[in-house]
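Handing you this structure, nothing more for now.
Should a chain be cited, it is by its letter among A, B, C, D, E and F, assigned in written order, with residues numbered from 1 in that chain.
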């Protein structure tokens, strides 16, 4: 087993290469998940904010049409 | 009520841009200073050995000229964008590519030409052999318009953003690597006593192509990044 | 209408694509993982050591598939960029922009693993060889496309600008490659081509091909995931996205108590 | 190049179902309106209701999300727009470094000139006689605005799109704008101007387009109204 | 640090023979005026008469050519000025990239805070509730102005110098400014505002300082006048 | 009604500047890219021979890092000046030099530190011997804060002008040539197997001095150029 990891003296290089391969691709796979979560978060926050905005507007200008959103 | 002719518009644009540069002639010298400074830093950084400096002279001058004209490219549309003039250009009834070609020409005349003029001085700093100087000037004369034209496309792409700054350098880099290789390569070949005609011919061919296509591409890119 | 055209039309509709991609995506990830595991097992355990390079040659199983992918992804991106610019199809913009970071990742892996391979083989991390240099320029092109895309405010405009750049890059890559070849052979010949013609035995070959397949499948899985995330951001004002957002935030609220 | 003397062609500008959304968020909602030659219409709306955005769409700088714009009955494209529309936005396309006269000369070179007027005359008629050689940078906020107004006088555009033309101007300047608008309308031009209702265009038939703030005003109130609003300083 | 509750100290701000010349060209002429706590004074003048320049001098950004400025009876130096003056110029010192709330938080960190108010409260009271996380860049012209007004509410400065605070604001915004000014005056603050006379500050005792345009107004008319000008749209 | 404390003001400023850089984190990478690109241009210009590149490696990296941090210096006060924030800083009741020191610190952290981190990669490109790398990193760690501090004074002097751009480079140049000579000199000495302690000590001494004096000088210069 140790010999397997040793890779005939090239272990450091070989395993570093495989590690880079794994790390970069795992990071690449995780980014969309993270992006998706953040986007949905932002949208939910924006929806909340918009509702406070519309509320404030209604108080200021009672003549404006009721927003249908 | 009739709009003016296209040639009148180009003339007005050339006149205005030259007037602007004249108004800010201090700024117009900046690329020149930058190139001089980059070249002047190398003897300090590498030590004063003449053989080392001579070996890297042509390449360093090329890199300095290239960086100087790239950094000045950033201003090609910047101020026009900031004050709304670019919108007026896009909204004008004349072919945008022609108007942009005028702007590129002004840029080359006011930044690259002075750089070529000062190249002999730079080559003295770095002990470039006198025999190589004509080759250097020739390649610069072919390479700098190419840089202005290629650069203009990239600037147009980045025009939509505020402060594109060095992102521009990143985008331009892959496109100018061939220019650098052939330009500096010709000088290095001349210095080594090898034939240097082929790279010059290549540069000439590319320049002809770029003169036709780059203004069109620039206009297309600008329209993308403005709407 | 021709059913195929109709299907393409439907595919162009973001909510439909989102749902369809969501259905495919887990299967693609699973397939990539399995074939990848098989390929790596074959490469690390079954394939014999190279008679010339010893065990260091096992780097081939990550280096070469990624190198191939770095080129393949660029072609894919440029094709989508072309469609996006000419026909203004939103989905193509999304696909082009989603493939850029994946391509950059593969290019990066190629450069790093190549470097790691070069140190024991050539005694240096880096030389200015034609292929290596072209690959570096390719990385810069990818970074330029990504940088431009993120630097412009309006996402659709950004996608179009970046697509334009990607297309210019296609024209440029061969020019760079041949100029670098020419430049490299001017002074001296670098003795680089170690592996070019060495015949490869089938026990070495099949893991390589399996890995190549796995990376392709992975690319499409990642592409779908990225496109889905991007579509959510792009369509954030549409009702179907709002529904998803509200649903997820409600779930989260429940999960946190 | 088509002549633009179109006093009797029906609507100079017509918009059908025009809407704009930024990142899917509606900025102004489906709007229908038309503008005849000789008309000046005021776009009113609160802060953030999309007035500036509407003018940018009409000038072709932004692409509408839906709807269409017809100029003299033909579809509006960027190229067609060019010499029929003059936009005065927050950014006037004026070079701070150049003198007022140089700026106007350039505008004329680019856009052509109306018969019977010259750049110095235009400068004089906006009250900047004597400032011909002054770099624009050294002018005050209101004086800069006047330079932009002088450009409008020179360029042969039938449709003026003016974003808050009254802001930063003193009383005399406001009268100047009104005078310019009246003359332009009499000549067969038309103008859309935004304003917060403080200084309405007072002669002619001031019509208003109201933008409801933010709601994407799907059923916005459009139509001729006749009361100019002077009660702003309450 | 001195306390600034100075409701009964005689003049909050006094200027004697204040003049400013740029390159020997007089911009505004020797001015004498004083401003008591609780007072709001309007600076009126045509375009280019030097209103903006006067405010810059009073805030210490430009050095007057002659004359002196006393704040609470002491000579005005840059350092003393710092937390007693709040300037709202054309440039509001607001970062376009940051959200409205982040901008106000920074203003508070730099200048301190009035007791009894918080950044979100200030935002709400200028009508920007719900815009807390919006980058300022994405706001319309009038909304940006409101952010700048919110800063005034937060920072504990006794003297407000406002350059055209009404420009770009809708009718509601104008009322908002008037409300802010009244409250500030009642609290013992004072304010100098420039305006073209369109929207005068209407409550309290509106006094005006008139600058004669361009002439370097050596004998400028100063003193209390009582007619607010509402007849602007003529 | 009481103003906040000075430490609160500094904290607010640090927080805001970091938030701004985070918002524009793409831009923040620019100096890094610029340095990489400048270094990458040299092999193209000089040819791929390892011996040539090795000889010029340390000097070129030094010049590239220096240019990158100089060009980014231009933005140190630019945006604050453009939007009026700088006026607010000057008008604030807190010592201006302290506030400016915070800004300089943020600048160093966000531009020079990444440059140092990427220096090993740059040295691979130019075949810098592994033994010289630690010396290079050490000199960069001493030289870059010195550059930021000296640069800040010059930026403050040119703050009154719009687009000072490369004039800045000209003013800074004479001040940083000694830094370059000692920094690159130490690396070249190490590469040649000579002792290199003395120049490092000099750099350290200057840095200590600059840390104390530069913020004060910057504040004074800024006040001059704003009024």
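Annotations
As a convention for this text, a residue touches a chain if its C-beta (ideal position, glycine included) is under 8 Å from a C-beta of that chain, and two chains touch if they have at least 3 such contacts.
Being a predicted model, the structure only gives us computed values, none of them experimental.
Steps from subunit B to subunit E, minimised over paths through touching chains, total 2.
A count of contacting C-beta pairs for A-C and for B-C identifies A-C as the more extensively joined pair. In this assembly, C is the chain whose CA centroid lies farthest from the centroid of subunit E. Although subunit D and subunit E carry the same sequence, what matters here is overlap: shared residue numbers make up over half of all numbers found at their interface.
Subunit B and subunit D have CA centres that are 38 Å apart.
Rounded to a whole number, the gap between the C-alpha centres of subunit D and subunit E is 31 angstrom.
Centroids built from CA atoms put subunit D at 49 Å from subunit C.
Touching two or more other chains at once are residues 46 of subunit D.
Residues of subunit B in contact with at least two other chains: 24, 167, 170, 173, 177, 181, 185, 188, 227. The multi-chain contact residues of subunit C, meaning those touching 2 or more other chains, are 140, 143, 147, 151, 154, 183, 186-187, 236. Interface of subunit B with subunit C (complex): residues 153-154, 157-158, 160-161, 164, 167, 170-171, 173-175, 177-178, 181-182, 185, 188-189, 192, 194, 217, 220-221, 224-225, 227. Every residue of subunit F that touches subunit C in the complex is listed here, in rising order: 26-27, 33, 37, 40, 43-44, 47-50, 124-125, 127.
Residue ranges on subunit B touching subunit F, taken from their complex, read 24, 26-27, 30-31, 33-34, 37-38, 40-42, 44-47, 52, 55-56, 58-60, 62-63, 66-67, 71, 75, 163, 165-167, 169-170, 173, 177, 180-181, 184-185, 188.
Subunit E makes touch with subunit F in their complex at residues 1, 3-5, 59-63, 78-79, 81-83, 85, 87, 89, 91-98, 102, 105-115, 135, 156, 158.
Across the complex, subunit A meets subunit C through its residues 4, 7-11, 13-14, 16-18, 20-21, 24-25, 27-29, 31-33, 35-36, 39-44, 46-47.
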